[in-house]
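What follows is a set of notes on a single structure, which appears directly below.
Chain IDs A, B, C and D follow the sequence of writing; residue 1 opens each chain.
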Amino acid sequence: MATAPLTVIALNCSLKASDKPSSTDVLLGQVLSELAGHGVSAAGEVVRVAGLNIKPGVTSDEGEGDDWPALRRRILDADILLLGTPIWLGQPSSVCKRVLERMDAFLGETDDQGRMVSFGKVAAVCVVGNEDGAHHVCAELFQALNDVGFTLAATAGTYWVGEAMQSTDYRELKETPKPVATTNAMLARNAAHLAGLLKGARYPGAPG
Amino acid sequence: MATAPLTVIALNCSLKASDKPSSTDVLLGQVLSELAGHGVSAAGEVVRVAGLNIKPGVTSDEGEGDDWPALRRRILDADILLLGTPIWLGQPSSVCKRVLERMDAFLGETDDQGRMVSFGKVAAVCVVGNEDGAHHVCAELFQALNDVGFTLAATAGTYWVGEAMQSTDYRELKETPKPVATTNAMLARNAAHLAGLLKGARYPGAPG
Amino acid sequence: MATAPLTVIALNCSLKASDKPSSTDVLLGQVLSELAGHGVSAAGEVVRVAGLNIKPGVTSDEGEGDDWPALRRRILDADILLLGTPIWLGQPSSVCKRVLERMDAFLGETDDQGRMVSFGKVAAVCVVGNEDGAHHVCAELFQALNDVGFTLAATAGTYWVGEAMQSTDYRELKETPKPVATTNAMLARNAAHLAGLLKGARYPGAPG
Amino acid sequence: MATAPLTVIALNCSLKASDKPSSTDVLLGQVLSELAGHGVSAAGEVVRVAGLNIKPGVTSDEGEGDDWPALRRRILDADILLLGTPIWLGQPSSVCKRVLERMDAFLGETDDQGRMVSFGKVAAVCVVGNEDGAHHVCAELFQALNDVGFTLAATAGTYWVGEAMQSTDYRELKETPKPVATTNAMLARNAAHLAGLLKGARYPGAPG
């Protein structure tokens, strides 16, 4: 088993600039707090991705002004990636899609035994919306994250949405709904456990 | 413009046998009522598909005991297909998937100008769940229905789900939420209008 | 029936800047050519969206430097929207997602009878990738476009992808595969027909 | 680390009865062979689910004639679930959806520390089609399997589809395409590794 302390990087893929309150931030904060209770420390503040210049493209460096190379480095330095996104039209935000797109490059960034740079990292997902769409957002994120090398612990997603066609924001709720709190705790417990196991025992590579 | 009266067939893809109450039935009934207000008459009772033997396969007749050929005939005799499904795990029911799968055969059932048997029919979708999943179910149903030749009017889906991770059933609600009622009415108005237009002016076929 | 000539605006949601060759452009061009054969004229050049500054947000004008208001105007002035996107990780591009997100505002832009600004417009989709993902991209685009008020004619999507896990680009093909050419023609024929019908007979609004 | 031998159960969700050749079987067989090379033994023959009577419902026993309880037992007795499905209309088969639906019951089948009966099991996915749809099928299966408690190793899906709109079957190929063989091997290597880790160190439960 791993004994080194684990770290998590959290990305907030809200469409809003960093000075605006974000429901996604609230859910990310709750999960980060649960992770802290399992000895996982946050690798810096939650990253408000819309405040960075993540250029379109599918390489790891799209040139001048591209903020991806530095963010990519931070993602690969952490043991756990916590990816948070709002829901628009039942789907993940364009900012979240941009992040996934840039990780497409991991598919070609392998060691001499075929292991991507992301192998051994655990990913988890936080999804927030006024209404409907969380399961689908989880589906798209799980598939994309898994394709680019992340491992998904049991219950790798947590979410909140209101009743159909309503407009309440998660950050307006007076208290965290009990099933959401339970899911947040389970997600954190499982992600921390699995990240520890994988840190202590890397995926084997392809025979040379 | 078409003057012949329009007809609609409604399918309930609940997992439950026909003697059990179904929230999907409630929403289908509301939309059928709206359609009636636009002169669209129901082609018989709502079909509880789980009560039929729709055999697995992708041809229009899978042999002895297959209830699909008769249901297929009724679908093609109507002007509008109203497809209702519950949500399980954020996705359409297996019963609904079976219906779509059987319509895969339409892709090869074309006239001498390349028009599928379903061309000119309008489809609309009713989705009900305890929680989250409606947008994705609409996405899968829209794509599959469109692939097999149906036309989708503006706002071709209506739905209800409760707050995340909750367990209220639509049929337990004391009254229809206003935005759902508004959407039901809009869906019916648009579907009836478009079905009338297409009945009066068929899609042109490929030049011979 | 409408007698005014129909127009189409085509958006290319490639991740690449406008001076780079794009497979999405090739497929869009083929469909535009088919549409021209049905009397539908292009409303200007194909728009390379990555070359514009479409700001994140869900209003129709996100302020200084936002290129969306002008593009939005052009979309609403045309009768048909032809939306083209490449596939990355089996999903639509972040550039395409941004466009859909901005159209979320249409949900609130209704006349006094509840009709969105987009009602009566027909949308169609062109999807290109090295490999797998086209059906899902169509599903997401159909659902989002329909949610924001567009109508989908039978066979509203055309696509090309190569064999699984391969890397051929559509623009490298020596000739258009026959089933793709057939689908392109059918999509154009149906979209033109339906746009004409809807131009001649608007969706009715809600009674006042 | 676990020293007990690992086992895998493979489900083929083809629409075809068990005496018909299946491309899904070919891919499942290739992955099972890779797993065997890592000491994972098959828990019996590949299960042709269409040959069983898996009744509609979301409980673990839908009564007389239901073949699910026995299949459920076998799934929970194995360390790895290998779920294989064909693609129809770009989506998983109705037979596959039925299996996922029945596992919905796992959500309520927890021990006194909130762990589902499936916690600690690893799932992987094999997808085969004539054309397009594999990424989406992986997305839906990953999300549903993860929701009901399965863990997903890096690269938890392998697939084959032909070029867009073509009709070649995987079982007709003269040899396995190299990237598919590489993916099969990677999937098996990672799944075996992770299943071993989790067998040796269970997910911790919620404090009592």
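As a convention for this text, a contact is a pair of C-beta atoms (placed from the backbone, for glycine too) under 8 Å apart; a residue touches a chain by one contact, two chains touch by 3 or more.
Labels paired with UniProt names: A, B, C, D = Multimeric flavodoxin WrbA.
Keep in mind that this is a model prediction, so the values were computed, not measured.
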Among all the other chains, which ones are in touch with both subunit A and subunit B?
C, D
Relative to subunit B, largest Cα-centroid distance belongs to chain A
Could you give the separation in Å between the centres of subunit C and subunit D, each centre being the mean of its C-alpha atoms?
36
Interchain centroid distance [CA atoms averaged], subunit A/subunit C, Å:
30
Rounded to a whole Å, what is the gap between the Cα centroids of subunit A and subunit D?
25
Touching at least two other chains at once: which residues of subunit C meet that condition?
89-91, 135-136, 138-140, 143, 147
How about subunit C: which of its residues touch subunit B in the complex?
1, 114, 116, 118-120, 135-136, 138-140, 142-143, 146-147, 149-157, 182, 185-186, 189-190, 193-194, 197-198, 201, 203-204, 206
Contact footprint of subunit A on subunit C as seen in their complex
15-16, 50, 56-58, 88-95, 97-98, 100-101, 104, 140, 143-144, 147-148
The subunit B residues in contact with subunit A across the complex are 89-91, 131-136, 138-139, 159-166, 177, 179-180, 183
